[in-house]
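Common to both upcoming complexes is chain A, partnered first by chain B, then by chain C.
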Partner chain A sequence: MLKTLIQQEVLLAARNYSQWLTPLGFMVLVIMVCMISFTNNAAVAADILPALLWVSILLASLLTLPSLFANDAEDGFISHYVLSPYPLLPLVITKVFCHWLVHVLPLCIAAILVAFGLGLIKTTLLTLGLTFLLGTPIVSLLGAMGASLTLAARQSTLLLPILLLPLYLPVLIFALGAIHASELHLAIHGYIAIIVALLLFTSVFASLIATISLKSGVATCSG
Partner chain B sequence: MDIFEAKDLICKRETRTLFCDLNFTLKAGELLQIIGANGTGKSSLLGLLTGLLPKQRGTVTWQGNPLTGCDFHFLGHRNGLKAQLTVLENLRCSTRLRGNTITRQQILTALGNAGLSAQADVMISKLSAGLQRRVALTPLQLAKAPIWILDEPLTALDKTAQALFAQQLTAHLNQGGLGIIATHQSISIDNISSHTLALGDIDA
Partner chain C sequence: MQWIKQHLLSAPHFYRLSTRLLPWISVITAILLIYGVIGGLFIAPADYQQGDGFRIIYVHVPSALLAMAIYSFMALCAVGVLVLRLKLASLALINSARIGVWFTFLALITGSLWGKPMWGTYWIWDARLTSMLVLLFLYIGIIALNDAIAERITREKSVALLALAGFINIPIIHYSVVWWSTLHQGSTITKLHPSIASSMLAPLLAMLAGFLGLFALLLILRMGAELQQQVTHD
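Entry: the complex of A and B
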């Protein structure tokens, strides 16, 4: 059943390619413009590259969030989730996973390719990839929480970033901490452990909050 | 006993009370038509019955137990269809979400009965409003549920499709099913005990 849901989301993404291609293009453009503006200061550019990649992923993913549940609310599909005999929590988690797979993973891959192209050293590149792998699911989870909470407020395009960016800061700080440590050839276990802890914490709480707010919010959007 | 019972329901929208102390019971084979002007709370009542709207007060029971998603089919005023998926893909996913495993052949047969065979592989966004509504009504035939809770099922349907729906509803009621339908066009069916609930005539 969850497989059907994932298939459906991937199929929708394949047909609605502008939905994930636009943030991807936005992110690549932001990185390119920043890098070009630092051309006469290559050392600074190399220094800020990991932070720039992370921040641009966060900003680009914000573009994808409003549609996470709003599309389902718009066409009434959301009532299928809520009325399903299956518990809502696994459905929400699957939905979040699909968001990560379809929207965030392409951003990460593109960011790593850009970093590779701009000559980031191998160990830093590996750490960057690791922080993406463990950190970006947090972005999707918190995003789903924000998107479901703001579902009833139709004009949530501004509300959502204001609500979410502060919550994104811990993962950003520890991810960049890990990258900085690996640049100095220090141990990164501590940072990674904290990111994993954040991931576990948000996967429980953010998905629970999203589930609860969807349950009570469906009506306001379809009634 | 196959009894559907709604007790003590209340609906408030902003500061207005749309209805309060709303009670009704429905036995197997009975139809309830909810009528009332726009904005009198028909859709909200269906939301309360299905559980899509949180209840401030009151209970909704089926056979003595709280109503669950398996007991009924719900069709709201939105069709619940994905515009970017084909008819077949839509029905496959929505029936799976209901917990029914239904083969492609069964879906095709149901679509054939609804006169939609030619549209099986057409994307929903390419269909007219009436055809979309007919697709949304197809799950009623695919998986059996004792109760149908429908919000304006006849919207955008042509004469033939309306007649087909009436025929399917009659069959459903004759098999001991229940129907709760919010509608502006009263549905008259012979030999069926039909009740009417008029909303909007209570003082706020």
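Entry: the complex of A and C
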């Protein structure tokens, strides 16, 4: 069941490529605009590059969130799922995984390619990749929470940044802490451990809140 | 529990009780605030290091503590909404948010004005300051979410869930000065032996109680107004 869902999401993304290509284009544009505005100061540009990549991923991922549950809620899939005997939590986690796979992973790969192209040194590049791998699932999890909470809201595109960007701060701080430490050739284990802890914590609580929120949304629609 | 739910926490009973308590709360709050302002600004001695500049503490500390206390109260209300399905709890939650956002704003502004002469900067990305700013955005997010959802039950539940999710920030704010030793000083009064002279402490505690009374007063007025509005609409 869940495997079919994943296959279906990937197939949908492959057919409807503008839904993941547009955020990707947005991310590259954000990086381009910032980098061009720093052309007169190459040292600053090199310094801020990892932070800029992280921030541009956070911003681009916001664009993908309104559609995360909206289509399934609109065509009644979520209502049917809630009424079925299957528990909702695995569905939410699968949706989060698909969101990460289809929307966030391309952003990470593109960001790493950009970093490589702009000449980030190898150890920093590896740390950047590691923080992406462990940190961006948190972005998807919190994003799913935000998307489910704003499902019934008007103008969810305007609401999501206000709700989510403050919650993204911890992962951003520790990811950039790890990158900074690796630039100074210091140990990064501590930062990585905290990111993993954040990942475990959000995978329990954010998915739980998203589940409760979706369920209550269905309950009020039908009753 | 059922009795409490039906009698003490029902809307008509709350309205009757609160209108009866209102004059008492107003008088006590006014006395506390007047004593706090006079005691803090005129009677308390100047600080040996900061001179008269320290007197902003009488606004800064109460509003910062209130900002956190109100959020904790909102998380409690959120449990009331989600678990006990109390109608009054969601009313208290959103109206507390609308008041709490101003206390948070006041704490940030007074702190920033205090920071310039004492630290040499209005703002620094210190752990305490950053987590307070996150609290401000949590308040704004809760209010924005509440105003964006039209359907009542979905709105109340979504707002309660968001308030609960944001509650994780409160212990981070409280322990930020312990975990990260950055610019903001540690706790002065919320510990067993306060590191502040009693002539300075008494007005501070009065201001704190006064701010708490002010919050209760504003909350009761807001909730009462909204309950009346609901009655006239129904």
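Note that in this section the second predicted complex is superposed on the first by the 217 of 223 C-alpha atoms of A that agree within 3 Å, B and C clash if a C-alpha of one lies under 4 Å from a C-alpha of the other, contacts with A are read in each partner's own complex, and residues count from 1 in each chain.
In this text, a contact is a pair of C-beta atoms (placed from the backbone, for glycine too) under 8 Å apart; a residue touches a chain by one contact, two chains touch by 3 or more.
In this text the structure is predicted, and so the values were computed from the model without any measurement.
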Task = Pick one for A:G76: touches chain B only (first), chain C only (second), both, or neither.
result = first
Request  = Considering only the touch criterion stated at the top, classify A:N16 as touching first (chain B), second (chain C), both, or neither.
outcome  = first
Task = State whether A:F205 touches chain B only (first), chain C only (second), both chains, or neither.
result = second
Query = Touching A:T157 in the superposition: chain B (first), chain C (second), both, neither?
reply = neither
Ask   = After lining up the shared chain so the two structures overlap, which partner does A:S216 touch, if you call chain B first and chain C second: first, second, both or neither?
value = both
Partner chain in contact with A:L149 - chain B first, chain C second, else both or neither = second
Request  = Look at A:L169 in the shared chain and tell me whether it touches chain B only, chain C only, both, or neither; answer first, second, both or neither.
outcome  = second
Ask   = In the superposed arrangement, which partner chain does A:S37 touch: chain B (first), chain C (second), both, or neither?
value = neither
Ask   = Which chain A residues lie in the overlap of the chain B contact set and the chain C contact set?
value = 216, 219
Request  = Could you pull out which chain C residues touch chain A in their complex?
outcome  = 82, 130, 133-134, 137-138, 140-141, 144-145, 148-151, 153-155, 157-158, 161-162, 164-166
Remark   = chain A partner, complex, touching residues on chain B are 43-44, 47, 50-54, 68-70, 74, 76-85, 89, 92-94, 96-99
In the complex, chain A residues that touch chain B = 1, 4-5, 8, 11-12, 15-16, 74-77, 79-86, 91, 215-216, 218-219, 222-223
Chain A - residues contacting chain C, complex = 145, 149-150, 152-156, 159, 162-163, 165-167, 169, 205-206, 209, 212-213, 216-217, 219-220
